[in-house]
Amino acid sequence: MDFSGFLLMRDEISLVALILILLLYDLFAPAKARKAFQPVACLLFVVQIAITLLPTAADHAFGGMYVNTPVASVVKTLMSAGTLLVFLFSKKWLEEKHEIAQGEFYFLTLSTLLGMYFMVSSGHFLMFYLGIELASIPLACLVAFSKKDIFSAEAGAKFILNASFASGISLFGMSLLYGGTGTLYFSDMPIALTGTPLQIAGMILFATGLFFKMSLIPYHSWTADVYQGAPTQVSAYLSVVSKTAAAVTLFTIFFKVFGVMAESWKPVLYIIIILSITIANVFAIRQKNIKRFLAYSSISQAGYIVLGVMAASPQGLTGVVYYMMVYMFANIAAFGVAALVERQCGNTEISSYNGLYKTNPWLSVLMMFALFSLAGIPPFAGFFSKFFIFASAVQQGYYILVLIALLNTIISLYYYLLIVRAMFITPNDNPLPNFRSDNYSRIAMVVCFFGIVLSGIVSFFYNKFDEMAKESMEVCEYSMPKATDGTANGIATAAFDGQTAEAVSGDASAATATTAITATAPWPSTQE
Amino acid sequence: MEYTLWILILPLLGFLSLGLLGTRLKGKSAGYIGTALLGLTALLSYFTAWQYFSMDRVDGIRQALTPVNWTWMRFTESLHIDLGILLDPISVMMLVVISTVSLMVHIYSLGYMDGEKGFQRYYAFLGLFTFSMCGLVVATNIFQMYIFWELVGVSSYLLIGFYYTKPEAVSASKKAFIVTRFADMFFLMGILLLSYFTKTFDFGQLCDPDNPIFASAAGKTFLGGAVLSWATALIFIGAAGKSAMFPLHIWLPDAMEGPTPVSALIHAATMVVAGVYLVARLFPVYFFFTPEVLHGIAYVAAFTALYAAIVACVQTDIKRVLAFSTISQIGFMLVALGVSSMGTVEADGLESHEGLGYMASMFHLFTHAMFKALLFLGAGAIIHTVHSNEMSRMGGLRKQMPITHITFLVACLAIAGIPPFSGFFSKDEILTATFMFKPWLGVVMTFIAALTAFYMFRLYYNIFWGKPAQHDHPLHEAPKNMTGPLVFLALVTVVAGFIPFGKFVSSTGAAYIIHLDMKVAITSVVIALISILIAWKLYCKGTSTVPAKMAGFFGPLYTAAKHRFYIDEVYQFITHKIIFRCVSQPLAWFDRHIIDGILNGIGWITCRGSLAFRWMQTGQLQSYALLIILGALILLCISLFC
Amino acid sequence: MEHIIPMEYYLVVSSIMFFAGIYGFITRKNLIAVLISIELVLTSTDINFAVFNRFLFPQHLEGMFFTLFSIGVSAAETAVAIAIIINIYRNIKSTEVRNLKNLKD
Amino acid sequence: MNLLSIFVAIPVLMLAGLFLSRTRQQARIISATGASLLMVAAVALAFLFMAERHAGNTDAMLFTASAQWFPAWNIGYSVGVDGISVLMILLSAFIVFTGIFTSWNIDPLPKEYFMWFCLLSVGVFGFFISLDLFTMFMFYEVALIPMYLLIGVWGSGKKEYAAMKLTLMLMGGSALLMLGILGIYFGSGATSMDIMDIAQSTIPTALQKYFFPLTFIGFGVLGALFPFHTWSPDGHASAPTAVSMLHAGVLMKLGGYGCFRVAMFLMPEAANELAWIFLILTGISVVYGAFSACVQKDLKYINAYSSVSHCGLVLFALLMMNTTAMTGAIMQMLSHGLMTALFFALIGMIYGRTHTRDIREMGGLMKIMPFLGVGYVIAGLASLGLPGLSGFVAEMNVFVGSFQHADTFHRVLTLIAVTSIVITAVYILRVVGKILYGPVQNPAHLKLTDAVWFERLPVMVLILAIAAIGLYPGWIADWIHTALEPIVSRLTLAAL
């Protein structure tokens, strides 16, 4: 038996190890030592993150059930980093409110993270299904974490029931796909996909799970309620890490598996993008609660992310990953500040932010930067990520779509500025008094701050991701036995030609389209 | 003759030094500095004139000189604004006029403005004006002229509004500027049009009728009219604005709100004749290419002269009377230009003259500048003593102010056209030229000349004779620095008629001998004398009831004339009721409510938009599931059937 | 093999289950009933997998495995859902869906 | 480091310095020093530029430098200047310098104020030195966003509404612009976002027709293109003095600059084909702005509408597409920049004393504050195009140039635009007459004082600059001519 596959799964294994260590520590450590549980957990988590940073080979294991690519690896690192930031923001809250349940919070969170790792690296629908369920079931516990809080419980119920519902539909879709193709391997399916109605139905129903996770309209309704009801830290986690996993997986599956049926899913994504961005934006304008507000903002951000999926090109993938990173810093910062303010004043109303700058300048500035980044204002990173996502979509000829998205950025700017206005301009005789946040939150805030400011201007990240995305694509091509003469490629070509025909006739886009076509090749076939 | 540059530099220097350092200086010393600089300017001008006119003619024609010409701004290869000095008979003549009158005004103001606040400012502005006016007359190209044209407009604005705390002065200055600016706009349009087709701004080229540029422009049309006609007509509108031709004259009477010496300098002698100068400058263009426009000018000017003369007969403010008289006299000059020709014209019964009108116009410009400045300065001396502009506050002043009286009388005789005073000679030439052109026009002009004599002597008698008004302060003669200029100007007025003007200035530059047309001369003198006699009869005693009866007899005409035929009201109506009420305010409203309203409406709709989707977010967890499944099914349909 | 039940029969059953589950989910008033409806949905997919595997692609056992895993996962899901519902019951002494409308708009 | 990067570096350093500063005085000193350095650098740049040109360097862009930034999209940080950019940098330096002094007594939060102000300057300078479309666009947006807080926090009147409206409208413009830029990049098929490189390749005319309007309107919003100008009156009226100065003085120029540097230069065919639409719009701007200004009662509104009119003239002249008119447009940018800055500075100073901007409540101020009064009159005269001041030079270039167009349509439009000089005179004189002349309206005003040194300094600097351009336009005209050559030749070629 070949155990080399486990080496490839280094990230997951280290995470499992971390979970186990923490579990044992929480169970058996003396009460005194348990005081240090959180610092130890965070430190160990840092080590785990360091492990994920080690370079990996792009390869598959377990007969193609598990696939590792540079992009998957870096996405895992990002998700871990996001989780760590959430942990840092949670420390004080856990100590104060959930002294006993500290450990649970960590296990549950890390379990969902593990599920997301598997989602990102899955090469088979079963693997994917297990990953997504692992990522959502413990999450429901997290949402309902504040046991005494009816809001939290309600949010938990809404989340778990809706999530199960969505995953039921998704599963039904998978069964149709299975029935239509006879395989559940990502790498094998494209060859069998011919665009029959059954397959299309399977695909669309299957996608429900991912759309639900990304909270795209019309799969979004739970988002605002859950974000509002869940503990703020959990909302942050939901909005960032969980969404990252879903987005990257969405890209992978739509690009690798359903690439041949691009004709069928592109109109769907087109509509979903427009709906998500526009409706979420108009909803956000009206919100009085910061968490609901951020929920709607994150729905519309998800819409922008899907633009990258829509582009279905290496640049699109880079765009998605980069966008997720930038979004992570900004959104965690926003939620973090919201959490701190919430702890201080006991509510999450936007009106409590009135005049915040006078008493808590640093928090306000961080919040403002985060919001500007979300709104896509330079020199903050959000500007760059938006630009690249839009560029990749325009490259494929989606001018109208991008125009709609761009017009929506104005609306989003409006509501982000409403918060800025509350903090900086609206006069308030009794603003929230000045308070000291704990050191863990501070570290997190500093990281977010630099993330927001630097991850755009410093082009290192984007360029690195770009390299990785290209490499991931090349690897696929390299280890692809059947794709070169398969019909799948032909269909993919046709699909992309259709796209480029309406797009620019310039050489550059034609060239990139060609790259895209070659990259559309399925995953390595692994059936022995 | 590069030194002529100093004619421009010295007044500018005066402006800059007094303007920047003025507050550091005592008022008087500022006045002395200004006057001294102007004195130098005047000397330079005289020297220039002497040197220029003593130069040899080439083929019997005076040559134009451009001692300085420097490209200031380049538009295209052929179109560029040059700043330079063009010396030819009319510009040199104008230099003399400007510097003389300006110097007199400078000296006069030392007394007149004594004790006023802002003495430095006053002299600075005078310097600016003199600079601009000199720059205007020596312009080598039409754009330079436009530049200085604007500058004189501004200096006029600043000087009219000198008493800026007086609301009347402020609104008068505003009116003057805006009306002339309005005319300038047409001037600019004319320049654009002319330069577009001729590809040059240069007077040298424009005034040469054989230049090929005209051949190319001749056949072109713009908006249905011949290009050159458009251009020259537009340029004339500019000229009409500055020279207060009907209906753009409305600013000039109001401009009398400025200090009286300013009125003398700007609104009588120099700036207001800029329009005449401009037409004279472009005379060849008008004459050779657009004679219909030239004739139009004559009619407009004649009408203006008549109108202004009638109005002048019933005004009671002495400065207003003089202002309307100025308008009327400028009308004379433009009529002369309008009827003039450059070639030989045979007319029935009258001797043939080459360009008699042109010469007459310039001659009248010259003499008028002197005697009108004298009249204004005299009026200033009177106002200085009486502290009022109204005739009713005057009367019998000849005893208290003998020098003013005599000089004023000289000027009145001159303007009435009584020999041997200068006005007689120039006006006679104008009438002759008019008769030559169209006899009926000559008759009209003679009638206007009679009116002129009448209203001038009405003025004269009302001020110096008649019933003295009561004053609570003693009336006295003006100080020496005021009477000095009066005497000087009176002397000039007496002798100027004998200058052989045609030798210096003529339409072609060739020497030209003036000889009186006796028939015209005698008629006009007789008529003028009759008018004076009537004025004497009516106003000398100040007790005659005839004027009141006559006012009653003419009834509506009298009232209308007193209200200047309601032209101001018409303007008021157009600007306030139409432009402000019906254009500006609706536009501003449109901007605030429609355009902005659309934007705000978009914002409002966006904000309200969420209400339309409220059903998505009922809080009911099953409705969320319903949305999910319905959404999935609809999307499925789309993907299947699209 | 003519006695064998045709595949379509299975599929009809599973489809009815699926949509019955969805219908139940949307219309039931009690959280437990809603949860049961979800089980219907999940089970219908299990039948699908098994049937497709058995009838169409009998050479591999992918579908069967999927079914097994799916059953396990749905059990876990139900457990968590029940736990949360119990928590709700503790808080508001009710498991009616209409009482869960605090969070909206 | 590249010479041009200094212009970005100095404001960034100022930001850092201000961040560390503790007191108002320190903040002031840092800002003043930085602004002076910028001024020195700008003047030095001008001289170096002149020296280079004299030495016979005829490259379109001088002092170029470029570095890869995002190779995936061929984005680089590439900088370079031609005569126009140098002038714009000079203008910006002048206005930043004077703006800092005008805000000497800003309250509250001086440090924050100056920091945002510096960020704004980063954007402005960055925009003018950039040659890369992306970098340019980035700096463009950097310059926009500080406006929100500058107006919202330190403004007056309906500040929140105005700030929001301004920001959203300008961002709306930049949204169109972003699409336009992407369209240009992909349409040209170029392998670089450098404007000069993109200019080497041609964009298919069919595509240009879509992207030209996007780009032109995108920049045009900032250039107060009718009907997208309504942010300007509210925004300028509510903004604090120095922000109005910088915004009207420099930021609105970004619009015009972008219009010819990006939209017209890169898409000449569409520019020729679609110019007529925009000519009509800008023609409306010119006249409409002037008419609207006539009936305003707030000093800043008058000036804002006047800006609409004057900036309309900039775009109008650009669209005439010949060297003379475009030279006039650039000069009008400079002239309007300086003039409006002067206006806003003076209005701010007057407002600081009288606490009202309603012209009906003021009168006879000339007597009370002669320095400010004279300054205002000079600004007004410059605005109505008095020869010897900058406005005249610019307008004459515009009018003469526009009239050179062979088309009757263009010439008639020019004549319509010419009417603005009268309307301008009307509203300027109306204001001057109402607030400066006449009897003192409010006896309380009699106690007011005239300007102090830090107010006189900016006013005098600006007046000097206005006069310098107005008296001797030759030097800038030469720079502009040279810089316009490639642009005009491309446009003319495309017209054929």
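Note that the chains are named A, B, C and D in the order they appear, and that numbering of residues resets to 1 at the start of each chain.
Keep in mind that, in the parts below, contacts are C-beta pairs under 8 Å (C-beta built on N, C-alpha and C of every residue); 3 or more make two chains touch, one makes a residue touch a chain.
These numbers were taken from a predicted model, which means no experiment stands behind them.
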item: Chain pair showing more contacts of the two, A-D and A-C; value: A-C
item: Chain whose Cα centroid lies nearest the overall Cα centroid; value: D
item: Chain centre separation in whole Å, for chain D relative to chain A (CA means); value: 42
item: Chain A-chain C separation of Cα centroids, rounded to whole Å; value: 27
item: CA centroid of chain A to CA centroid of chain B, Å; value: 78
item: Centroid spacing, where centroids are CA-atom means, of chain B and chain D in whole angstrom; value: 37
item: Where chain B touches two or more other chains at once, by residue number; value: 603, 617, 619, 621, 623, 625, 629
item: Touching two or more other chains - residues of chain D; value: 168
item: For chain C, residues that touch 2 or more chains besides their own; value: 22, 25, 34, 100, 102-105
item: Pairwise chain contacts, counting only pairs that touch as defined; value: A-B, A-C, A-D, B-C, B-D
item: Touching residues on chain A, where the partner in the complex is chain B; value: 157-158, 161-162, 165-166, 169, 197, 200-201, 203-205, 208, 212, 217-219, 221-222, 224-225, 264-265, 267-268, 271-272, 279, 281-283, 285-286, 411, 414
item: Residue numbers on chain B that touch chain D, as the complex places them; value: 71-76, 79, 81, 143, 146-148, 150-151, 154, 157, 161, 164-167, 169-171, 173-174, 177-178, 181-182, 184-185, 188-189, 192-193, 195-196, 222-223, 579-580, 583-585, 587-588, 591, 595-596, 599, 603
item: Complex interface listing, chain B residues touching chain C; value: 614, 617-623, 625-626, 629
item: Sites on chain B touched by chain A in the complex; value: 603, 606-607, 609-611, 613, 616-617, 619, 621, 623-625, 627-632, 635-636, 638-640, 642
item: Chain B contact footprint on chain D (complex, rising order); value: 165, 168-169, 227, 230, 233, 288, 291-292, 294-296, 323-324, 364, 366-367, 381, 384-388, 392-393, 396-397, 399-401, 403-404, 408, 411-412, 414-415, 418-419, 421-422, 425-426, 429-430, 433, 436-439, 472-474, 477
